[in-house]
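One chain, chain A, links the two complexes that follow: it is found with chain B in the first and with chain C in the second.
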Partner chain A sequence: MAKRVGMEVAIAAAEAVGMCNIDVAAVYPITPQSHIAEHLSEIVADGRIDAEYITVESEHSAMSVCIGASATGARAYTATCSQGLMLMHELLPIVSAMRLPIVMSVANRPVNAPLNILSDHSDIMPQRDSGWIVIFSENGQEVIDLTLQAYRIAEDKDVMLPVIICIDGFILTHMVEPVEFPEQKEVNKFLPDRVPYATLHPDKPLTMGAFAMSDYFPQMMKAKDEALVNSKKTILKVWDEWEKQFGRRYRPVETYKAKGAEVLLLIMGSMGETAEPAIDELRDKGVAAGLIKIRLWRPFPFDELRKAVKGVRVLAVMDRAVSFGDSGGPVFADVKSVLYSEDNRPLTVNYIMGLGGRDVSVEDFVNMAEGAVKAKKEGYEFYGVGD
Partner chain B sequence: MAEATWREISPGNVVHTPGSAKEYHTGSWRAMRPVWDDAKCIKCGICYIFCPEGCVRQEADGFFRADLDYCKGCGICARECWPGAIKMVEEG
Partner chain C sequence: MSIVENFDLYAPRLIDKKEYFSPGHRACQGCGEALALRLACKALGGDTIVSCATGCMEIVSSLFPTTAWELPFIHVAFENAAAVASGVEAGLKVMRRKGRVADRDIKSVAVAGDGGTADIGLQALSGAAERGHDMIHICLDNEAYMNTGIQRSSQTPFGAWSTTSPPGKVSFGQRTWKKNVPEIMAAHNIPYVATACPSYPLDLIRKVDKARSIKGPSYIHIFSACPTGWRMESDLAIKIGRLAVETGIFPLYEVKNGKYGITVDVPDPLRPVEDYLKLQGRFRHLGSPEIKVIQERVNLEYGKLIDKVNNLKSWDEN
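This part shows the complex of A and B:
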């Protein structure tokens, strides 16, 4: 039986990576990801694992190193957030198009300007069309579990795609939480060695990342989209196997008291845990409220979301990012597009909240839910910015 | 016209045949063709050195010609040829 320990979540993330038999890590430190970068470098430097830790001069270089390493068949890891992720952006569609199973932790932080090092989702949202699998974590145990699952999903021969694990900056990364690690031999059983589809090797020359013109390019984009959409089958399979081996259950869309609810809050990331007591309070006050948490952001869990909102009168989508010039937040836009073709779809409203690390309390969630119940039309608003 | 359906694309767009880029004749892009005037040519080879496509070759007689299967007609050879032995002539 695994022992329960109190550990800072960023440290736990690095420890989990250390259990994945990685070959190469190339990480450039950036707040609030730094403790992952630092602790993983200690794990390597102390000889606890046999891996190369490559110190690089930027996040762009970090991802470039991972691409090269992964192309040779190595298991490669990186982590970043915010401006670092924006600098990496150029490389992200390359990784997914080359079908390289790199795993990256993102310690979600706002993007400049103004400079802000706290927490929201405005760094990950611009990456959502890059072809990566993106999974949100809610607490420290999920960070460990999702990290250990990530290579298993990424390297599956039916997937071969990179995976991002989102960990809310500070609120998760710097929190000391009770967590438990599985035994190394159990992890080894769950996560076998990588069997690459193709590798760069002088004895067997081949070309990766070649040029393509209009005769092949569209088919390549279709093949990439199919790969990402189809990856959900494997993600579900891996989560089932995880549950069987370790007992903890993971679903693309999680619900809390959603059954029979009149109003549902929809949320991603660590704030799900704050919203739960708000739902309890609302239920005590006689408001039939419930909660939906989207864990799997890409590929988007269409069927699971449709099922979760069936029969609900009002759906309040919580966004921690803005899609400037669009009709609200990026999660709102996706959710609306999923529900557009549904008969009797819920009235869907959008709160943009928690930007720049702004605390959202239980009371705030109660307020938003009560506001949503009274909503007459669809639309978005910034919560807590004044009239 | 599609050369292959999306189902035939190899995972990661990996090209398993080394050197297959030579089957792609970039000469089809060409609008202007380099033509050498051997009377002016001093066989210095600057066209050979500057050709970004690597398609200019020295013939047995010491004069230079472009492999028109690959020459894109960029005109760098003509621009760099200081004796003025290369002219760019319109195709077609």
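This part shows the complex of A and C:
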């Protein structure tokens, strides 16, 4: 039985990356990712894993190094957030199109301006259409588990796509939590060495990253879309295997007291743990409230979400980012598109909250749920900001 | 020089017959870059992985589903060829150590144009050189953004016409002097920096071969004539390269462990720059005052280089 330890989540993330026996890490420091970068460099410096740790001069080069290394068949890792992720943005669709199974931790932080180093989801949302698998974590244990699962998913021959694990900055990365690590030999059983489909090697010269005109480009985009859609089967399979081997269960959409609820809150990331006691409080008050947590952001879990909201009168989507120009939050927009084809769809309202690390308390969730119950029409509002 | 003059006689014995950058690519007639790349690949040999920046050589060689590459080749983006090549090097190194690939000396080589090296790619190049990867960065310098339509770069020479440095009523064309990237790379204290030109194929091959044999980062800046962008006849690429060297505009030298050496002798005194400028439409608007300014600058820069050749010692020497 694995031992429970108290550990800062960023350190735990780096430990989990180390357990994946990575070959190359290329990391550029940025707050609040830096504890992951620092601890991983210690793991390499102590010889606990045999890897090349490349101290690049930018996030753009961090991802470029990962691309080069992954193309040779190596298991490559990076971590970033915020402006660093925005700088990498150019390369993200290239990684997925080249089908390179790179794994990246994102310590979610707002994007400038104004500069803010705390936490929200405005860095990951612009990466939504890059073709990466994107998974949100809620606590330290999930960060460990999802990191260990990530290469297994990414490198599967039916997937071959890069994976982002989202870890809310500070509120999760810098939290000391009780976590447990599986035994290394158990991890090795679960995650064998990468068997690459194609590599850069003189024994079999290949051209990667070719140039394509309108005759081939659309087919390639369709293939990439199919790859991301199909990856869900493998994600579910890997999560089933994980549950069998390690006992913890992961689903694309998690629910809490959602059965028979009149109002459902929908959330992603670490705030799910604050929303749960709010649901308890609402239930105590006689409000039939429940919670939905989207874990798998891409590929989007359409079916699971439809099922989870069936029969609900009001759905309140909590966004930690803004899609500027009257769209509300990005999660709201996607959730509405899921519900469009439903006959009896819930009234869907949107609270944009927790921006720039603004604390959202249990009381705030209770307030939002009670507001949602009274809502008469669809729309979005910035919670707690005033007029 | 005699070898160059009797090239037909010597070439078959001195140059690898195997093509790694094969015919059928889509480069323009008389392209100096394609020639430089072909020769460089011959010197590199088969145990090479090429990471190529976006640019002329990338688009002419890799139009899906065709490829001109007989070497493993990867293109990612414009500004990161050196970073990708450093990732290739790191990946191979660790997997070789772990026994996951054969224990073989495979060289990682970045290839980029002047934009992908001197402008948008300079940061990635500087980072890779500073980190000391065992790799070569080859800059194929045709002195402008030719692939996008002849826009000026930091390598476009003073006075040259380009589509974004047009001469006009109040302008004589490019207003800045060529940024000296070989010097920037020499300042990184990497083991080997060289300039080359496909008009001197044996010199080019020797330098690439030397870079190939060195452990650590090396940089080769190849002056590559572009008949299309330089507004000249397509049979002039070789001649114009020779003139660039003989006028001192692009001296061929190398810096090995800090020690400078001229590798191709030039006439003494240097040929006048006008001999070089007058063959190219991009300079045809220049009058004698501008040409005089260019001549003075070339003399000054050449003098600085000779000073380094005469005075700087290798860091291996006491």
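Descriptive notes on the structure:
Keep this in mind: the second predicted complex is superposed on the first by the 386 of 387 C-alpha atoms of A that agree within 3 Å, B and C clash if a C-alpha of one lies under 4 Å from a C-alpha of the other, contacts with A are read in each partner's own complex, and residues count from 1 in each chain.
In the analysis below, a residue touches a chain if its C-beta (ideal position, glycine included) is under 8 Å from a C-beta of that chain, and two chains touch if they have at least 3 such contacts.
Not measured: the values here are computed from a predicted model.
Because the two structures share chain A, they can be overlaid on it, and in that overlay chain B clashes with chain C. In the superposition on chain A, contact is made by A:197 with chain B only, not with chain C. With both structures placed on the common chain, the touch criterion links A:26 to chain C but leaves chain B unconnected. Of the two partner chains, chain B and chain C are each touched by A:216. In the superposition on chain A, A:86 contacts neither chain B nor chain C.
Residue contacts after overlaying the shared chain place A:226 against chain B, while chain C stays out of touching range.
In the superposition on chain A, contact of A:208 is made with both chain B and chain C. In the superposed model, A:362 lies in contact with neither chain B nor chain C. If you count the residues of chain A touched by chain B and by chain C, you find the higher number for C.
Note on the superposed arrangement: chain B collides with the chain C stretch 224-232, while the other options among 188-196, 206-214 or 224-232 stay free of clashes. Chain A residues in contact with chain B (one complex) as well as with chain C (other complex) are 98, 205-210, 212, 216.
On chain A, the positions that touch chain B within their shared complex are 97-100, 160, 197-198, 205-210, 212, 215-216, 218-220, 222-223, 226-227. Note for the complex: chain A touches chain C at residues 23-24, 26, 50-52, 54-58, 60-61, 64-74, 76, 90-91, 94, 98, 193, 200-213, 216.
Of all the residues in chain B, the ones that touch chain A in their complex are 1-9, 11-18, 20-21. Those residues of chain C that touch chain A in the shared complex are 46-49, 51, 58-59, 62-65, 67, 69-77, 79-80, 83-95, 97-98, 100-102, 106, 108, 123-124, 126-128, 130-131.
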